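Below, each structure is written out as structure tokens.
The two complexes that follow have chain A in common; it is paired with chain B in the first and with chain C in the second.
And then the complex of A and B:
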């Protein structure tokens, strides 16, 4: 047999040549090595998946969002009809819209999980204060996405959530009236509101999120992962591995789990629109999305009655809470990261979570009372 | 002092080679080992823990043991390590001072004569500011265009009083209102008000013995609701946070106006009985003709304030 015509193993294939050509100009190999070879102190963990999962959810929201814009029209006279068209007439439109809707819910859930993990692990402490601050800004952006996206289908649910949401903003001292009118583009929700929310939802917030998420990751890489909150240096070193493959594997499993959960919800609980938006609520009992129910229930309390009470419940309380979160790394300067040695932090977390749970359940129980 | 690359390595009984590489500890960011090779005794590169190093000068690294002990140390296995270029460990490179000396590139000729660097940097910032600043006001005004519009004080027919069968009972009147928003075609939106045929007792609670005057922001008189006219129209918007309230039977309070959002409860006179609302329901200007036709001026007030602030 003639073996001389066989290519020798030392000769690069066309694909290798193309890769080398690009690599020489871009530095792909170094980039890839830098991306993947990040030591994870103490080894990979399931608790670390939420950041990557959030990035995944955001990418899917961007993809489904762009697809929805192929049919959606952001005008007061066509928004509702075009959304109904997506649901009823466009192939798989119901699925993409429902995916986008449940994806936003998944985003909120994962943001809570991510923030809780960082809080409990004490990972916001020096030198990671800025990562925490940028993270809080990202949290605000996610809430902004939820709020602006909710109006776009222009059904009754959308209209009333916006009406009440903007009225709450209106309670901000001095600037409230201006802010509320600025957002609505007038005195009441209408075309101007829809245009504004649409632009904010599809242009302003995505740009802000991409920029800040990039900064978040850059700062994270700059400081390095915090690692576990207990264990000796030797133990941590012995268990250390790189981001690839073990952590990436866990991240991917997390993404698949979230993806399947969103798909299932979209499949079994697809979006159904209510009547078209109008200032007459009819029989509809306005209620926000479930993750805002606790705030909604909070505003029903007698303590938050009257003009001042409302300011207290709707503006001051959430404002103080966010300000405390922002100040956290600067107040809590104790380098101790073990959550079991930080009783105030642990108790605060439990109290906040329990309050959210109790108020949410109370809001759900109140529903029956209204029937 | 950190051992430098190419430094000569000496044992108690003589030279064994030179520093070929250093190994960093990824957690402490300190040098943990040096790799020694090149000498006659060291054909194989060996890995020496820093604990074995007795002294470091600019050019010489002295080890504690003899050259025999040195050759007993484990051989350096290259495939158990990666270079610092292939891995991302925050702040590691800042801690390495093992390069044999400074690595230099020439400073360009033209740059050497430039003195006022700070001035040029600030000048660049100033230009950026000069581009951005004049735009701020026009952009703000651009975005504010439709925020404030004059009120519409036209009378709107909403139905006939024959629909009201009982006194002091809230009856919802739904009506359509035409709106023309900026460039949009004229649209009809659904709205509602609650109309009440009030008994003198309820009227007294509402009017407190005085007629109710409606004036525009300039103080010009628009309309007066006479205190003895039994018909009252409440704006359909809850004064708490703007939801739509309903006429409902309450277990203990009887027939009331109830807002399903935050559970504000008002009696027939619009007075707050329970819940977070900051003020009573908002009566609107109402006219009832001899044939029973009800017309109103469709006003809306800001929710959540103690005082009535008209916004529509």
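And then the complex of A and C:
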């Protein structure tokens, strides 16, 4: 039999047929090329993993949050009991809740790391101003997640942290009173507060975050990665590669590391509730979650005592700081991105980070002093 | 920069140690988490020093035990800690080798020598075992001294009126700054020592002959596995096995129950011993036989007594009936033997 003259034609497999069918209608190949073949100037780096890691943490928070919602009852009568039920009676419930709790902490840490990386690398400068602004809004949403989620277990810690937080919010001029009344839904935190915090936590904030994160990614892909802040043109050109596979691999390793860190923390310090929430703090010294501790300690200073002082420390200073961050790409128009050639930016970052660290540790020492 | 980079010892030490720590960390963390899920690691320090010491650095693996034994600092306990130590060794060797080869090629423009990972790991581990306990003692001493000096300054009469929050912030900032400066200085010295150790290996290395683009291509290929499919399969398989083991060892209920919801303590049933149970049954039967025999004997004696007494009573009755003409009240309507 003569086989040399017959051309060999391979039939496409079922998977290939399905892929071609979808590709014809959706344009999968174009989408894949756009998503994965993005050139990364200067090559892949570990410093770029924070954005992907944040997306991963958010997805994990959504998954664990949905699983927790199967058992959680958002009423003042049952919130505490249902949380205790999750911890003590639901199989692996303690781990899910602890993961969700530490996941929120990881999200705040990664947001700080991501913002610091963008700031230090000068990646907020033209043409990436809008990415920076949307990122700031996302930062606010992450903080909102932490604040609203903290009340849901309805123990003393949750109740009093929320009380303190809402009181601080009350000091905002014009809007403060309305916002505090809207969130509390009454004179003291109760059923209405819990319902509102729950709805904001599981409906409003996730929707806002998904929308803004999509916009953030779109703007990022439009402007392209900023690349390293130093290095010769030849070096950057020689090291440039595509988003897939090297940067994706780094992102996956980053995600795995964060996942393992959260799991380890869940084992190390699993969540334990205090007594059920009551309007009497008893021996408990109210304080917010750790990432708001620096602000809480700042307000303990004599200079921020009194009505005006509290407004200055709780609203004016953080407000000015956030406004400065928002205006940063428009104030700092120098194209120089090398952080070692931007001494004001470097010193400002060190001062802010050192202040947050000092006030947070001081709040922890103060807690021991009070006890 | 595309020419050969001149690096200080500090930069060289930092350039290898820092990425090597991060490269090895995810693998070590997977094991650490598994050991924690199995309940074989119990950490006592809240600052995560143990994690930093065990997971972050190839230089701290021996130093961890030296500090534990020499200084007496108790990090934690459990069989998981030495296991983690054993796991860390090959992971650190691999990570150091990988990072050092890229640094030699891309930044020093030198051909990486053979077994670079093992050679550097031995040097780093020994240097760490000697230097880190020293750093620990000096840093601890400097911090304690700074704290006591700051405290005595703040206890002065003119500063006694300082409010609590201000005092705490000031005190921490003062001794924290001193402590941080000492730590930075000691870290600089330590990294410079590591850099010198790398320079020792670099002195014997041959210059890399390729042009820049060729070097970058080789450097890039070092960073990816030769057989990517095999690597991906191995990682997926390891991940699947670890996930299964993780869910198998993960406690179903919380290891820290709240006061309100502590599970009821049920006394465990003693283990079943068939020999003991049989001998116990035999003993019960023997006892029962003895009791039955005693009862039968007693009944027989009672009947004997009764029949004997009955005869005597019958004799007496006959005589009384004969004398009074009516039956005795004591025996009327009662069965015999009762």
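Note that the second predicted complex is superposed on the first by the 362 of 371 C-alpha atoms of A that agree within 3 Å, B and C clash if a C-alpha of one lies under 4 Å from a C-alpha of the other, contacts with A are read in each partner's own complex, and residues count from 1 in each chain.
Just so we're on the same page, a contact is a pair of C-beta atoms (placed from the backbone, for glycine too) under 8 Å apart; a residue touches a chain by one contact, two chains touch by 3 or more.
Owing to the predicted nature of the structure, the values given are computational and were not obtained by experimental measurement.
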Clash or fit: chain B and chain C on chain A? fit
One more residue to check, A:61. First (chain B), second (chain C), both or neither? neither
Touched partner set for A:247, first chain B, second chain C, both or neither: neither
Contacts for A:167 in the overlay, against chain B (first) and chain C (second): which applies, first, second, both or neither? first
Applying the touch criterion given at the start, work out whether A:91 contacts chain B, chain C, both or neither, answering first, second, both or neither. second
If we overlay the two complexes on their shared chain A, which of chain B and chain C does A:296 touch? Say first, second, both or neither. first
Please name the chain, chain B or chain C, that touches the greater number of residues in chain A. B
For A:52, using the defined touch cut-off, is the partner it touches chain B, chain C, both, or neither? Pick first, second, both or neither. neither
With the two complexes superposed on chain A, say which partner A:360 touches: chain B (first), chain C (second), both, or neither. neither
Should A:261 be classified as contacting the first partner (chain B), the second (chain C), both, or neither? second
Determine the nearest approach in Å between the Cα atoms of chain B and those of chain C after overlaying the two structures. 7
Contacts of chain A common to chain B and chain C in the A-superposed view 300-302, 366
Using the touch definition from the top, list the residues of chain A that touch chain B in their complex. 30, 33-35, 37-39, 41, 75-77, 160, 163-164, 167-168, 170-171, 177, 181-182, 184-188, 190-192, 221-224, 233, 236-237, 240, 242, 278-282, 285-287, 296, 299-302, 304-307, 309-310, 366, 370
Which residues, counting only chain B, touch chain A once they are in their complex? 25-28, 82, 85-91, 143-149, 174, 179, 181-182, 184-185, 187, 189-192, 236-237, 240-244, 260-263, 275-278, 300, 302-306, 311-312
Chain C residues touching chain A in their complex are 1-2, 19, 22, 25-26, 29-30, 32-33, 36-37, 43, 51, 163-166, 168-169, 172-173, 176, 212-213, 216, 220, 223-224, 228, 250-258, 260-261, 263
Touching chain C in the complex: which residues of chain A? 43, 46, 84, 87-89, 91-95, 231-232, 234-235, 238-239, 241, 245-246, 253, 256-257, 260-261, 263-264, 267-268, 270, 272-273, 297, 300-302, 358-359, 361-362, 365-366, 369
